[in-house]
Amino acid sequence: MQNSKINQNQNNKVLVVGGGLGGIRTALDLAEAKKDVVLIDNDYTIGGLMTQLDRTFPTNNCDLCTIAPHLSESNREDHIELLTMTTVTNVTGEKGNFSVTLTSKPRYINLERCTACGDCLTHFPECVNFHPGLDHRAPTCMRYPQATPQAYSIDLEKCTDVQALVKICPARAINPDDMPIKRQIQCASIVLSPGASVFDPSHLDYLGYKNLPDVVTSLEYERILSASGPTGGKLICPSTGKQPKRVAWIQCIGSRGLQKEAGAYCSHACCMFALKEAIVTKERFQDDIETTIFYMDMRTFGKDYELYLNRAKNDYGVRFLRSRPHSILQPEGKTDLLLTYTKEDSTKQFEEEFDMVVLSTGFKTSEESRLLAQRVGIELNSDFFPITEEFNPVVTTKPGVYVAGTFEGPKDIPETMVQASAAACMAAADLPDIIDEPKELQEAPVERDVSLEEPKVGVFICDCGENIGGIVNVENLVAHAATLPYVAVAKAEGHGCSRTSMEDICQTIVEEGLNRVVIGGCSPRTHQEKFQDLLQKAGINRYLVDIANIRDQVTWVHSGKPKEAEAKAKELIAMSIASVVRAQPLTDHTLPMNKNVLVVGGGVTGMTASLKLAERGYQVYLAEKNDKLGGIANHLVKTLEGGDVQAYLSSMVEKVKSHKKIQVMTRALIVDHSGMPGMFTTGMQSGPQMFYKQIEHGITILATGAQSNRPDQYLLGKTPAVKTQLETQRYLFEHPDKVKQWENVVMIQCVGSRTPENPNCSRICCQNAIKNSLAILDLNPEARVFILYRDMRTYGFQEEYYQKARERGVIFVRYDLEKPPVVEEAGSQVDVTYYDTILGMDITVTADTLCLSTGMIADHDTNEELSRVFKLPRTEDGYFLEDHVKLRPVDMPVPGFFVAGTAHSPKLIRESVTQANAVAARAQTMLARDQISLGAATAKVDGKLCAACLICVRACPFNVPYINADGYSEIDPAKCHGCGMCVAECPAKAIQLMQFEDDRILAKVEQLFERITA
Amino acid sequence: MITAERKPLEEIIEYIKPFKRILLLGCNECVTVCSAGGRKEVGLLASGLQMARLKSGTDIEIQQHTLERQCDPEYVEEIVSMIDGADAVLSMACGCGVQQLAMRYKEIPVFPAVNTKFMGASERQGVWAERCQGCGDCLLGITGGICPISRCAKQLMNGPCGGSTTGKCEISEDVDCAWQLIWDRLKALGLTERYLDIMPAKDWRSGGGSGPRKIIREDLAE
Amino acid sequence: MENFEPVIVAFCCHYCAYTAADMAGTQRLPYPANVKIIRIPCSGKIDTLHIVKAFEKGADGVYVAGCLEGDCHFKNGNVKAAKRVAYVQKYLEEIGLESERLEMVNISAGMGHRFAELASTMTEKIRKLGPSPVKAAAAL
Amino acid sequence: MKTESNLEKVLAAGHLAVTSECGPPRGCKPEEVVAKSKFLDGIVDAVNVTDNQTAMVRMSSLAASVIVKQQGLHPLFQVTCRDRNRLAMQADIIGAYSLGIDTMLCLSGDHTKFGDHPQAMNVHDIDSIQLIQMVKDMRDKGIFQGGAELKGSPKMFIGAAANPFADPFELRVMRLAKKIAAGADFIQTQCIFNVPKFEQWMEGVRKMGLHKKCYILAGVTPCKSLGAAKYMANRVPGMDVPKDVVDRMASVPKEKQADEGVAICVETIERLKKVEGVAGFHIMAIEWEEKVEEICQRAGLLPRPQV
């Protein structure tokens, strides 16, 4: 039974629905904070949509590589119960005490036995579920090698000879009698992140998707580009099998209400998605392939995304055509696709030929998730996305149920990760406080000191069923190993990773007094941890094991040449033995965890994070540089959706000030900082007298905010008729009578943003302009409002307000950076002159008010100072730079540091609140521990050999080594990432990387050639 | 620091051709810092020589050792027991180290394995640049902290020649014009007036003009 | 040298190349058994000395496999590795070994095919070059 | 008058002086010096005799100067700091003066990297300014550089070079001032193609009153061909050949380029005549000495005054 760990009577756990990247993040955050989680997914393996992406923007990294560590992480966590092929069928009860019925489809494979050898797939490919993914035209065979769980799944209906199938499994894991399982679990809260599906354009005849093979969706194009995709990464037109020369992307398919059945919202991620695909195409094929993107507005509003757009334009030569495509046809007898379109400034139709057209299809909620919403009992909006709280988008209409990811609304990976952590934070708050579990105490066996013993090696060789044993004679391998120096025991172990074999190995270690172990089996990548744990259980240091990969890298790939395979297996085992005898016991570096939190910045973000952590019982120090809490929100009146910011803010300030566990320090200035992750000391001056004091804390949260920009442009500050959007909002609120007399109002977008001096987009301004123009029209329906824009970036559900503004008569006029509007004083008014592309002439409007969308800029002074004190990286435009823009969007590269809100990049209040909650969740993963474990694969300097040459100091990509007071290099194991670059460059050979010591690597080399030179 | 570079392998092989047992000595001082003759380079050279000799079919035994400093007699004394087992010594230290060895161990040939280059500073990882020629009469105090003797191709002491172009020396675009650097710095320091003083012809005696130099500290010297 | 079977050492980075090698296994993509993989945490850990030692001990070929450019998990280890490989290639020529015996390759975790392909082409190339002159001399 | 130098006399009399250049042969061919001298006889006030120009070994400038002198012309003995230390230079200067040579030019010298002995050591015992000072002290104080008394001083009219086009530009006037302070009596400039930039430099020169303290001879060069113009524009460090000059050379057919080059040179001289502080011209017609006469003729610089 796979649900053996679920305790039916406890409601101190969280149910996470959906095993995509978001669900995994939520589950991991909860588990690391020692909360129990049931993670369910309706698929055979977890990973979701991301496992099908080739590369992700804006880093263009290979996704497989970035997601892999997360997947294996989730399987290892003790607190996570993973149920695949499982759906929610009923929910009763309420927050704190839900009762959920789960139904699991039969897998027909026993997960505990399956070794993912693949024999079933080889012999009965039709019966095995190998994920076809979203690409219906060209299925990929094995989904990816890091699949979790590491097991296959059987489609019994397709199987004609069940007995033969059962027999083929060497691990006897196939169980044809497997039944659907229905079970009931109790949980305190529920997080829904089942993801979204992608718009299907099949019904749109004019796009030809259904009939023309070379018209593909962006996800299909991704699969074609992918190394693990159907074409093995070869970019070819599906119809001809030839490499295309001209590829076009058409944006907004299924979004912005443009097509039949399209959502009214903007799908948020497609612009970047198309850019990425075009860039990757250009990177690989340069001038061999022309890339064109047909778009209405390029919406690159995320952190540094505008730079990505500029790169596509300027460095890669991707062509951008602001246009509306009309149809895609394939003229009789031709392979070219004929794309008809109109440009923005004329009604004339243009035609152009392409070899491939990619439809940038948007997100859509699936039937399945709508059903899920219904069963759970949360309300959906008109687009079938959950209705959420106005300042906290992960909170649904049903208490205790939270949402995250694309199920909540269209979004990209970083925002999904942020929401996932935020949902974890909210869900955890519904749990009763945990008492320390006895679970961890029981696994603390006494470790035998083997440092003075002669090496005594035990060699255990798996046959892995037929996988190894079917190709090579395991007994021969055992016999050979037994002849090698220091080998005390050599034996065959069947399935080494099975429970019985593990027990046998453990027993042998103890009985024979072994002090080194070699496993001949599968990849150390997947199994090293498992055997390390085994050694620990057997009472010897966990680092005294070495795995010879004789399955993945021998028998699986040399099955046609058994003799060579056996010789190579012998060599690999001998190499492992030679290496392991030189292995030394290592200790994991641990540090005691200080459970206080320092939050820098007392705006909405900082206060939200403070409250969340204080409510969990952690002491919070909240440092604000001004004399008043609230930050930039003090200047805001309402949100686009109509939320009352001042009411929200004042109640929050009240809560913060009165909370026992929060100590607020205003006029606080951080002046010094020292310590290690988990035990920092930070000095600050605060209060009117600027008293100096030091705070001990384990976590630092940066929520320093940004500043509203005020560039010296368009007469800003020279005449009262010109205001920023922020000032306009106040003015509308304070002087409604005056607004009623306005005739013309002009708004200029991108003032001080998206320029060579400040290349990034300020993200918030488009919706700000929409918000203010709607407010003006509410007060004064006769007013004429002009919005001069470059791209309207009303992403997600904001798009609907944009449509509303258009309907209510707001006049939208586009301008180019090369031809900006001209503003001149005209008495108490201003004359705004802009070039109208449709009329082809300059138009002058005399405006009563000119509102400038000046956006945000980083708080350079504060951030520069803090980055210096805390040694944290910043982006070129001065925001804090997170550890991984995709997967760790709120973690800083230095452990124990987190960033949230506009200190990270410009964003809206609800986005800041989400990040604040996310940060609180991430912080709790560390705060829940009493010690911080840092692993053992770190570099170590021998001070006696060191020449203090600084080469390691310069070689380290993380700036860890330094020359200490004794005059030699020192590497802080708490900061070392274990890459070994310093080791390789040290001219004095004074550094060794633990687990990969020079003598161990050289021992392998020497052992390999012993036979040859001897 | 003194910088050096490994000699071409061919030249080293030629030196030690007649010998079988080689004592290969590194130095943990300057040549380690400039990655020319530390433990790592000793290992690389030993391995390379081993292979080259194997190929030519002659036996070789290489003993590797790295001294703290080869330019101090006490450290050089350390290898006294190893010398007996060697037919020749190959030193990866600078010229000072090689001579120190040769002086101490008169009965055994000592060969250099590196070319000693110059006194330099690290520009960045893996790049060392000449900064001093040991002229014995430092000018840096009046040239804004930039040395025209070691950094101007013509050792001009009174300003840049006519070949200075956009901050670069006429001999190569990779070489900064020292006088551009000096001028920029004098400007930054507000000391441009100083430039108008004519620097008189240099007295090269302190720079080796009167034979090998020596420093004697009376209070320390025995 | 009729039946010359070269011995080739592949230093593979943990995150990409070694994973790609495992993937070649998962996909059952055959490649010559001549290639023996030694796992290192990052290609930036490759030590020039270890490469040279492999040749000294008798390797006919060596290659260092790291992540694709820009994908290194430790920022720039693969770039550093490529530079070191180029350095050792020159040294090999000095010693009198063909520099083609040593190569740097970049590969992503998903590229099982590419791994198998590389192992085959490398083996073929070395087979054509013949046994390492060092090994040949040692055998005499 | 500090010296007996013909050049000094011409300049002191207020005439626009004209000098030109004679590169010694790369071998024992005194007749080449004789031939080159013939082209310049009666055309110029002094003939620069170069010292291992571009770091290529040639007949010594002292010997060639003597041959020029024998032809009845006035040699302008060039000395660089690259090949000799202060002893050798002083010895040569004494020798030169003893053979009737009374005008000299003090230079740093091109780096050996550019020549045919890149292996050679660059001496640079002293630099060009220290050389000027040394000659001046020999002449006026009658002492060697080392301080000892000189028995019979060389009464040299001391010249120095200046490059108004090199970087850092702002240092160029100051460097000239240093040379004058060190004792330079006259200056020959680098070839001028970019007249506006030269004028800018001269403005600085006038501001410091330097044109009153020494004579400035503006350097000009006729381009033989488009290739030569391009070479100077792109390859010669410290040369400033504006694009319009190159374009103008390119705009005429190949066979007319030489004429165009001469025309540009003559026009340049005409423009430079108007610049306050220009005391004459140094016409560098490298391996094209036969054209100097035509240039001088067309620029109205002939006949030369007899002083």
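Labels A, B, C and D are assigned to the chains in the order they are written; within every chain, residues are numbered from 1.
By definition in this document, contacts are C-beta pairs under 8 Å (C-beta built on N, C-alpha and C of every residue); 3 or more make two chains touch, one makes a residue touch a chain.
Everything numeric in this text was worked out from a predicted model, so none of it was measured.
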*Using the touch rule from the top, point out the two chains with the most contacting C-beta pairs.*
A-C
*Centroid distance [mean C-alpha coordinates] between chain D and chain B, Å*: 40
_Centroid of chain A to centroid of chain B, CA atoms only: how many Å?_
51
*Chain centre separation in whole Å, for chain C relative to chain A (CA means)*: 33
*Between chain C and chain D, what's the gap in Å when you average each chain's C-alpha atoms?*
62
*Of all residues in chain C, the ones touching two or more other chains*: 48-49, 53, 138
*Spell out, as numbers or ranges, the residues of chain A touching 2 or more other chains.*
955
_Give the residues of chain B touching no fewer than two other chains, as numbers and ranges._
40, 43
*Pull out all the chain pairs that touch, please.*
A-B, A-C, B-C, B-D
*For the complex, which residues does chain B have touching chain C?*
8-10, 40, 43-44, 47-48, 50-52, 54-57
*Once bound in the complex, which stretches of chain C touch chain B?*
48-49, 52-53, 55-56, 91, 94-97, 133-134, 137-138, 140
*Provide the residue numbers of chain B that touch chain D in the complex, in ascending order.*
153-167, 170-171, 177, 179-180, 183-184, 195-196, 198-202, 204
*Mind pulling up the chain D residues that touch chain B in the complex?*
81-82, 86, 108-111, 113-114, 122, 124-130, 133-134, 145, 161-163, 165-168, 171, 174-175, 177-178, 181-182, 190, 237-238
*chain B residues touching chain A - in the complex, by the definition given at the top*: 28-29, 32-33, 35, 38-41, 43, 66, 122, 124-125
